[in-house]
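What follows is chain A paired twice: with chain B in the first complex and chain C in the second.
For the complex of A and B:
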């Protein structure tokens, strides 16, 4: 199975933003955009949902904190209770600092790992999309030619209003 | 919107840079051979590092007796250096996380190197408590791991255990923050380099980054989340460091002001170190258009503010010592200012309260040479602050019969020097092989504060195009 892609490149982020918006209004299917830096507003122009990553962080942080608090109480009061200066075995206020640190650690490390897993990024991975300048000074928009009525020349004349730099067709194996 | 036009704001990047210019300016030096000044600095740093490593080796083989410690003064240079280096690290997190949350866009030119500074400073800091344990090969006993002695767990009520958790968590999160922030730039280098080896290495470490906007969207959120996590973390770390002192009953240490006082001092000293490094870097690496006088000025202003907080803390301490009516507390502070180590107190006051006042003058803030000299003085002053806190309280506590003095041995001094060697060696390697400026972030602010006419001319826009750019 393969699909035909239309890769258009722009030299300015605002041109990409406007072109993306126009492409969506014309009903083209946007595969993705590739930019050298995060272009604000592009996710809205592409019609993306906002990410739920923050919820994952919250859950990770809470689980880290609960796990560590439990662990401190268990080691201090159950596994080997040691009387330290007559303090209660379950001296929860003294357990707060480490609980906090481990909460941050779980939330931080967990969120990064989750991000890498969800976006399928790992050390040594080959980039899935290669375009000269996509990490330098080119702003790329990739459309899928998903039906028979897709006419490349129409897209070209639409995008030329936004200072289209280059347009190429690619066939991608899926 | 991706760009900001303003005639009121100062531009963050000087010169009419295009996106490709920024990539070239940051990546270019990495692809050429190192300059002579880099080699000189590197050889000196490695030399000092070797001196430090030999001192540490001698200390580990012989015991902590080679330091100037005695029964009364059980903490001296080691803990002073530890607190000093941790404090240095805090400015990096402040720039990368707190200023990010406050939308201070000028941070983009300095955040990468400030974060690197954080990591290297925390590494330097971590060495000292490990050596201080006396038997560093058992340092892992600080970790609560299942062992064959019971298992006997660590005492989670001890500030020293809190400290171990705080520092290792801080190092991990700072390193993650730094690395995640660098992934897009590593991909930029991967895509432009000619060398096969570099392509391979950067290809491996850039995680297959391709600039996809679906990834960017999550990435931006991830960055925000990490900034949100690092902000309370950085406050907690120096708070916990201060608890090493505050939870004891030594006069001069046993006060509630210590946590905010330590955090403010940490940021203060860290900014001085950022300035020291940045002023060298912008000159040596030709980054004056990225790290501009405007940046220097902003950092000087942070120093005035945090220096003010530190000064307030010094005076509050004196007042509370007097007002508490506690004889030991009162003595501790009279001894601090007028005792045998009184000169260190006045070095501290001079460098930390007097020197930053010079930054009220704009002429001084915009003179890199003077700012550099003053930043060094503040670094010195902040090292002395920790020395004063530790030394004056320990040498003379409740029982005059146990009073003692402290004189650093040559090993104390070479170990301190060696930590600077380690710090600068790591920083120079970073400057040589990794992008010092966050390329992706700077591209996002390059148009900041510039009127349209100042920009490199874009092709004329056709009718209707302008309205369409108003998205979102």
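For the complex of A and C:
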């Protein structure tokens, strides 16, 4: 299987934003955009739905807090009761700082690992070659030529309005 | 540029009736406070103190916010900098209130009675710091220093409107850095003097930062409230976008959690050590109605804002943010009530005429002063080099 891609590059982030918006309005399928730095508003221009990662963070945080709270009660009140200054064994205020830290640890580390896994960015992964300037001074938009009505010249004339710098076709083997 | 010039011409014009209604509220509240001082001094004086402290907090929070933006060279907040600047205008009025408060010093502060101090070894050993002349001198000193430094910043910011001189930004950055240091030291002492010494046997070294957390949280909430009101009234319609609201929402969310963090830090150390001279403070606040108020305080200042502002969309949503701000403004009043009142209300918190009058006057005076101040000059700092960045904020 292979698919035909159209790689277009721009010199300014505002051109990329406008071109992305226009491409979506014309019904082209956007594979991805590549920029040297984070361009605010690009996610909206690309029509991406907002991430579900926040929900994962919430669940990770709650499970970290619950697990740690249970662990502390189990270790210092159930399995081996420890009397600290005559306070009740299940003294929740004493458990709060550690519970809080473990909640942050679970949510923070878990979110990063989950993000890397979702984007398939594990160690040893080869970087995908997109375009020379994508890490320097070029803003790249990649479209998928996914139907017969896709005419490269039409895209070129559309993108030239946004000061298109370069346009090239690629065949990607999937 | 068209946005800038169009927006600056829109001055805020609070309608005549609006200003008159606020003035009437100020007068009613002040009258209630005045009658209370004679009819029920034990209840009225602490509330006058609370309201004065609330107003000082708002004015200081405005100055603090402006100084923080200068020090961090922040561009995003420039377009609404006139709001925190206007908030600082309440400080001169609080000077007047402070003078009034000195008349109630014997009702408020146990350590001001020489007979009590003579028979109390702890208070006697603290009398080098806690005595009337030094207390008054310190109070005046704090407010004077804050006003001088904040006025220096605000005046330069206003002068830049005409000249656009970059040197004013640079000077303001230096003054702001100095102000942050001075503020940290003086506000810590001020909160200990005015609030902590109401229970002079008790002490907490984290008290200053706890008060700072409340001050800045309420300052951010009130500032956001005014910004949203101005957005609804018109002048800020094209100035404030949802990215600004998002950033303000994030700050409120962060400082609400910071407040909780510090609240718990103070509580857990005292709970853990369990030393009689420290735990009396919380023992008093865990019984009966005060225990309920402790929970309500946490609900208003942290639980509700935290849950409400957790998703992205609520931070960008004008209506949700506005409601959270109102909750936090009430929450700050509850927080101060919880700190100030227990020595004066032995059993349960009571909220009646003497409690509501002074705070009504303070809030009405605040909005009156802020909107009058905003109507005077440019609503946008048109000479600031970073105004364009702020107007085009996109996150």
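Basically, the second predicted complex is superposed on the first by the 173 of 174 C-alpha atoms of A that agree within 3 Å, B and C clash if a C-alpha of one lies under 4 Å from a C-alpha of the other, contacts with A are read in each partner's own complex, and residues count from 1 in each chain.
To be clear about the criterion, a contact is a pair of C-beta atoms (placed from the backbone, for glycine too) under 8 Å apart; a residue touches a chain by one contact, two chains touch by 3 or more.
Since this is a predicted model, take the numbers as computed values, not measurements.
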Overlay on chain A: chain C relative to chain B, clash or fit: clash
First, second, both or neither for A:97, with chain B first and chain C second: both
Which superposed partner A:158 touches (first chain B, second chain C, both, neither): neither
Broader residue contact with chain A after superposition on the shared chain, chain B or chain C: B
First (chain B), second (chain C), both or neither touched by A:40: both
Partner chain in contact with A:144 - chain B first, chain C second, else both or neither: neither
First (chain B), second (chain C), both or neither touched by A:14: first
First, second, both or neither for A:79, with chain B first and chain C second: first
Segment of chain C that clashes with chain B, given the candidates 59-67, 149-157 or 383-391: 383-391
Chain A residues contacted in one complex by chain B, in the other by chain C: 40-41, 50, 54, 87, 94, 97
Residues on chain B engaged by chain A in the complex (per definition of touch): 1-3, 18-20, 23, 144, 150-157, 161-162, 165-166, 169, 172-173, 176-177, 180, 183-184, 187-188, 190-192, 203-222, 225-226, 229-230, 232-233, 236, 240, 243, 439-441, 443-444, 458-459, 461-462, 464-465, 468-469, 471-472
Residue ranges of chain C touching chain A (in the complex, touch as defined): 264, 267-268, 271-272, 274, 310-312, 394-395
Residues of chain A defined as touching chain B within the complex: 12-15, 17-18, 20-22, 32-46, 48, 50-51, 53-54, 57, 61, 71-72, 75-76, 79-80, 82, 84, 87, 91, 94-95, 97-98, 100-102, 104-105, 107-109, 111-112, 115-116, 118-130, 132, 134-137, 140, 161-163
Chain A - residues contacting chain C, complex: 40-41, 50, 54, 58, 85, 87, 93-94, 96-97
